[in-house]
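By written order: A, B, C and D. Residues from 1 in each chain.
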Amino acid sequence: MTRFLKSRMRSVMLVALFAAAFSLITTLSPVAQAKNIKIGFSMALTGALAGGGKQALEAMKIWRDDINAKGGMLGRQVELKYYDDQTNPKNVPGIYAKLLDVDKVDFIVSGYGTNLIAPAMPVAIDRDVVFMGLFGMNNNKKWKYEKYFQILPAGPDPAVGFSENWFKAIETFKPKTIALLSADAGFARNLKEGAITNAKRAGYEIVYNQNYPPKTADFTPIVRAVNAKKPDIFYIASYPNGSAGLVRAIAEVGTDAKAVGGGMVGLQFSGLMAGLGPNLNGILNYDFYVPEPTMALYPGASELIERYQNKVKTEGLKTDALGYYLVPWAYAYLDILGQAVNAVGKIDHDAIAEYIHKTEFTSVVGKVAFGDNGEWTTSRTIVVQYQNIKNNDLSQFAQPGVRKIMYPADIKTGSPVTFNSLR
Amino acid sequence: MEFTELLLNAIVAGILLGGFFAALSIGLSICFGLLDTVNIAHPTIIVGAAFCTFLLNDLLGIDPILAGLILTPVFFILGLAIYSMYYQFFEKQSAEALRGLAFFFGLLFIAEVLMIMAFGVDHRLVSAPYIGNSFTTALAGMEFSIPYRLLAAFVVASAMTVGLQVYLSKSFFGRATSAVHQDGMALSLMGVDPVMVKRIAFALGLATCGLAGALMIIVIPIEPAVGRFFIGNVFAIVVLGGLGSISGTLVAAFILGIAESVVSTFFGPSWAPAVSFAILLGVLAFKPTGLFGSGDTR
Amino acid sequence: MRFKFEIGCVLVLLACFIFTQADINRFYYFAGFAILQYVMISTAWNILGGYGGYINFGTAGFLGVGSYAAIALIEFYGAGIIEQIVAAGIIAGFLGLAIGFFTLRLKGVYFAIATLALAIVLETIVNNWDYVGGAAGVSILPPRKPELLGILIVDRKGDGIFQNNKEYLFFLMAVMAVMSVWIARTIEFGKLGRGLNAIKDNEEAAECMGVPTLKLKLVATVISGALMGMAGAIFPSYVTYVDPPTAFNLELAVNSLAMPMIGGTFTWIGPVVGSILLGTVQQVAIVTISSEINLLIIGVLLIFFVTVAPQGIVGWFMKKNK
Amino acid sequence: MSEALLKVESVTKNFGGFTALSNVTTEVLTGERFGLIGPNGSGKTTLINCISGTLVNEGGNIIFDGQELAGMKAHQRTAAGITRTFQIPRPFHSMTIMDNLRIPIEFVSGSSSSQNEMKDQAMEILETMGMAEKANEETSGLTQIELRKLELARAIAAKPKLLISDEAMAGLTGNEVDEVLDILIKFNEAGMTIIMIEHIMRAVMQFSHRVICLDAGQLIAEGTPDVIVKDKGVERAYLGV
């Protein structure tokens, strides 16, 4: 073949390839279904946060079925349009652009977690649409976007509000010194910063303040280093891997800290709870919903969770078997949007945002009101202490008495005792 | 006194952690160090074994380490299958290592997806009497607490390494493996089929995944993507130890384990990965073949 | 014709510019941006990996350094995007030089593992560098009305060249991608490219035939690293939120070597073909398949291509047309 | 004959505990055809690796054209005028034969020439070697003798003052050996100094003006071919008695 032909071939091939790539992308435009109201979102269905993402998605499907049974939004049926963001923020802007421009969704809500909400913010702001957030930590602090609302019940200053109740709960130990440890990851670092603020307010001396990398396999050296500082309390902001590793390391090395835990993500998940079993006893941690009798202030939550658990069983889903952690919240952030849209009576994002700002909603997570930056006006993270765990049987965690509520005072079902007294 | 106690505890913990690292790396030391197959999917295959261990433990109540032993022949057969495929498409055509790397990346993704479909994405743990307890002893006025689960990892990994080392250096097959690493031609002249030797050696490398998987789920909670966490570690260990040296791999695993543990104790855990990999870079800068590597750099 | 390729480059850029002016779905800019970014990354990777045969496994390190150099500049004095890109290119280039001195004496797999180690060390450093957000990540607010040399670039009301920041970033990305392809092609047909090829075929023979191997490898690493740094620099503005796991993602290392390999590593067009193909499949898969099957497809594609077309698609075509 | 082009002074090289070269001293004169013989493992290839710069000798000096070579990299030595071939041919297998030759031309001998001039220079050498018609072929289809010739042609393309030919005739037939010898003699007559390492005694004795013999890293004999052939030490080294 001559050189000329070769280069000709190349350019033809390149052009053909470009054309193919372009047409492949453009043919994605679906047939418009004018009738349904479409709610679009990205969700972590694979990757590090997939455990939470899948759980949230099932709850959202339950909400969709509920609202459709009740006649839908604005009298139209609701359809969920979602894509897997692979727990990678990089995929998020493209997904939301696709949802808004190609799928022509009527509303967008966020995926699960701070890191995956952040890259969607500018897209929402750019289109000036209402944006509901699911478990985002301070996502709107820089943007101050008036149409963003977030369901994590951590109060107006989420980083601080998240651990506020925990620090109130430990006052009973009259601590003087505190050790702080956090995972080297976005959410956990924010939690620890908030905890430092609370610790300083309370006048505790910080004797240890470190971060651990997410890939850490053995936590015993860290626990020993903390013990060497003899802290009265040990605040941990960790991700699931680390939470499990730390619980075990503490069980093995022991500690004299009176309170251990605080912001340990993952201890609310079925797999870890069952796997860790009795090693959890004594841990004092945050939570959002536990099967204690006083949680009746969340109307319909326990029925919702029961439906979710049945769904997991009957459909053979590979998601969290219990669903306490995210199900009510993933349901609620859609529910609030649905209520607002139906109250406004039309798709008018300005009016809907205004309505959400001025209304106190009642949903499966109780009464919700949004303040500045779309955060909750009050903090309602609850503090639980693990106790009476006998074995690795999962069903015990569905019963009251295992994760007793220590704070807030109005719903408490127990009082915190020192870590070692429950071992 | 307190400092000494902390330091000694950190070193002990580091050796135990090193044992765990060694268990993850030893199979790769054969596949990559001796056979030049860049099996980037190795940690992910270990996660697969860990999930199998979980099943055996959860459904049948089998002790995890026993489950690991049961899985060993299964992974041996898997190794035979993977190598046959690899040989067919790459080795036979003497393709560059780069192509093999892409192949194993593909394998990694497929394995992850299969695990997600079979087990979901939630974290899994196993229970056994030796998990969550530790052996505590006082020595010269200092207290040592040794978690049984890490001790188990250490003992099993050491036994595995010593066993493999003895097997590879003493048996005919083992010497054939080393020979195939240096000169495949000479081996065929001796009347041994080099492909067969490589296939069995690769399968042997994968067979270690059975036990390594059991140890993994004993030491850490697992989920399908957790294998990616260890890609850097296992390759660093094999290279640090020197390609082709099984005992070098063990020593390198101890070095990284101790480094991580000591740094975690005294300088803050978040610097641990930088220190571990800086050790690797430093060693490579001065001794390009790793600690126990032979002269040739490929 | 002498400058046929250069004319082609200009035409492609013109087409991209017209594309940004047409009023179409913004999704295409996002998808197009991602694909063009991969064109640039895999082209940059191929300069050292394809021509020189040195597998850089630390692509994520160079990209991450670029991204964080950009972030540091934004935090420091609100630098504009062009300054970010230039600075990131220089910093990543120097990084390439420094790394090259340490690791380029290593051969084959040792080099690959050393670069991987480097990426991990860099990620750890960034994790602990709170000025750029540290492990918590950082949000970037893009300027509402960026100007360049006194010309208004982006304005929603239409007074600027582009209506939207994304269109601007898309066009910038296209410029950089075309530029790197041009650089790669110039290297390939020049003395450097031939020297690198000789190194890939047999380094000792190349050295004995008078090729200054270390120098050429260093030059290639610097150019490749600088281009990767530049590709990384534009990333924070595009995604508006960066944390270390994203900036140093394993996916980057996989794609940067998988794409050239699927296309063909021996010529400039290989990485372009590979990244357009694999990049498009990935972009399409994300928004059509919402499950783990997405990853499965990538895995199967990888295995399929490396087994069926060992010389890449371009190599396969050339063989057929021989 | 004129003065020495290459001086090897007490060169020593160790691998771990093994001494590959011990205190070797010799010199090669300008325009000379110099033979280097010795049994397998005697250190022949190690010596030329030290001369060409792919290995670094621990002791002694190597002086080429009046210049001390210590610290110079292999490619710098090539630029200074020393080029070698490899015992097992190492062609650049992804390139055509023409492009193989263009590497040394572009990087050493003709770096200031235009692409067309380089092509002409390469072609000229290929014609001398009788390989002109294969110029645009890939190296994968070459026969053993063609690979040997390519190896030589590529080295010659660097226009060296000193060419070191490492067993360029191993595995060739009698006629082919003569063919290669003719080529080497032709270039020598054009002024190129040549060191030939060879196992084929007939070839090396016929070719060389002067021969040295290495055994176990030591120089055991030096002289004209006639002297070497009769040397008892050489005989012992080869026969192992």
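What to note about this one:
Keep this in mind: contacts are C-beta pairs under 8 Å (C-beta built on N, C-alpha and C of every residue); 3 or more make two chains touch, one makes a residue touch a chain.
As the structure is a computational prediction, the values presented were derived from the model and not from experiment.
For the pair subunit A and subunit C, chains touching both partners: B.
Chain centre most remote from that of subunit D: A (centre = mean of CA atoms).
Between subunit A and subunit B, the centres computed from C-alpha atoms are 34 Å apart.
One inter-chain figure worth recording: subunit B and subunit D are separated by 46 Å, centre to centre, where each centre is the mean of the chain's CA atoms. Mean C-alpha position of subunit A lies 71 Å from that of subunit D.
Taking the mean of the C-alpha atoms as each chain's centre, subunit B and subunit C sit 32 Å apart.
Annotation for subunit C: residues touching 2 or more other chains are 124, 127-128, 135, 292, 295.
Multi-chain contact residues of subunit B, defined as those touching 2 or more other chains: 116-117, 270, 273.
Each of residues 45-46, 48, 184, 211, 213-214 in subunit A touches at least two other chains. Pairs of chains that satisfy the touch definition comprise A-B, A-C, B-C, C-D. Residues 2, 6, 9-10, 13-14, 16-17, 20-21, 116-117, 119-127, 131-134, 145, 147-150, 219-221, 223, 225-226, 229-230, 233, 260-262, 264-266, 268-270, 272-273 of subunit B touch subunit A in their complex. Residue ranges on subunit C touching subunit D, taken from their complex, read 191, 194-195, 197-198, 200-202, 204-214, 266. Looking at the complex, you find that subunit A touches subunit B at residues 45-48, 50-51, 54, 184, 210-218, 220-222, 224-225, 228, 240-241, 244-245, 248-249, 251-254, 266, 269-272, 274-279, 317-320, 392. Taken together, the subunit B residues at the contact with subunit C in this complex read 32, 36, 38, 89-90, 93, 95-99, 101-103, 105-110, 112-113, 116-117, 228, 231-232, 235-236, 239, 243, 270-271, 273-274, 277-278, 280-281, 284-285, 288-290, 297-298. Against subunit C, in their complex, subunit A makes its touches with residues 1, 6-7, 9-11, 13-14, 17-18, 20-21, 24-26, 28-29, 43, 45-46, 48, 82-86, 88-95, 97-98, 100-102, 114-115, 118-119, 121-122, 126, 139, 142-143, 183-186, 189-190, 193, 211, 213-214.
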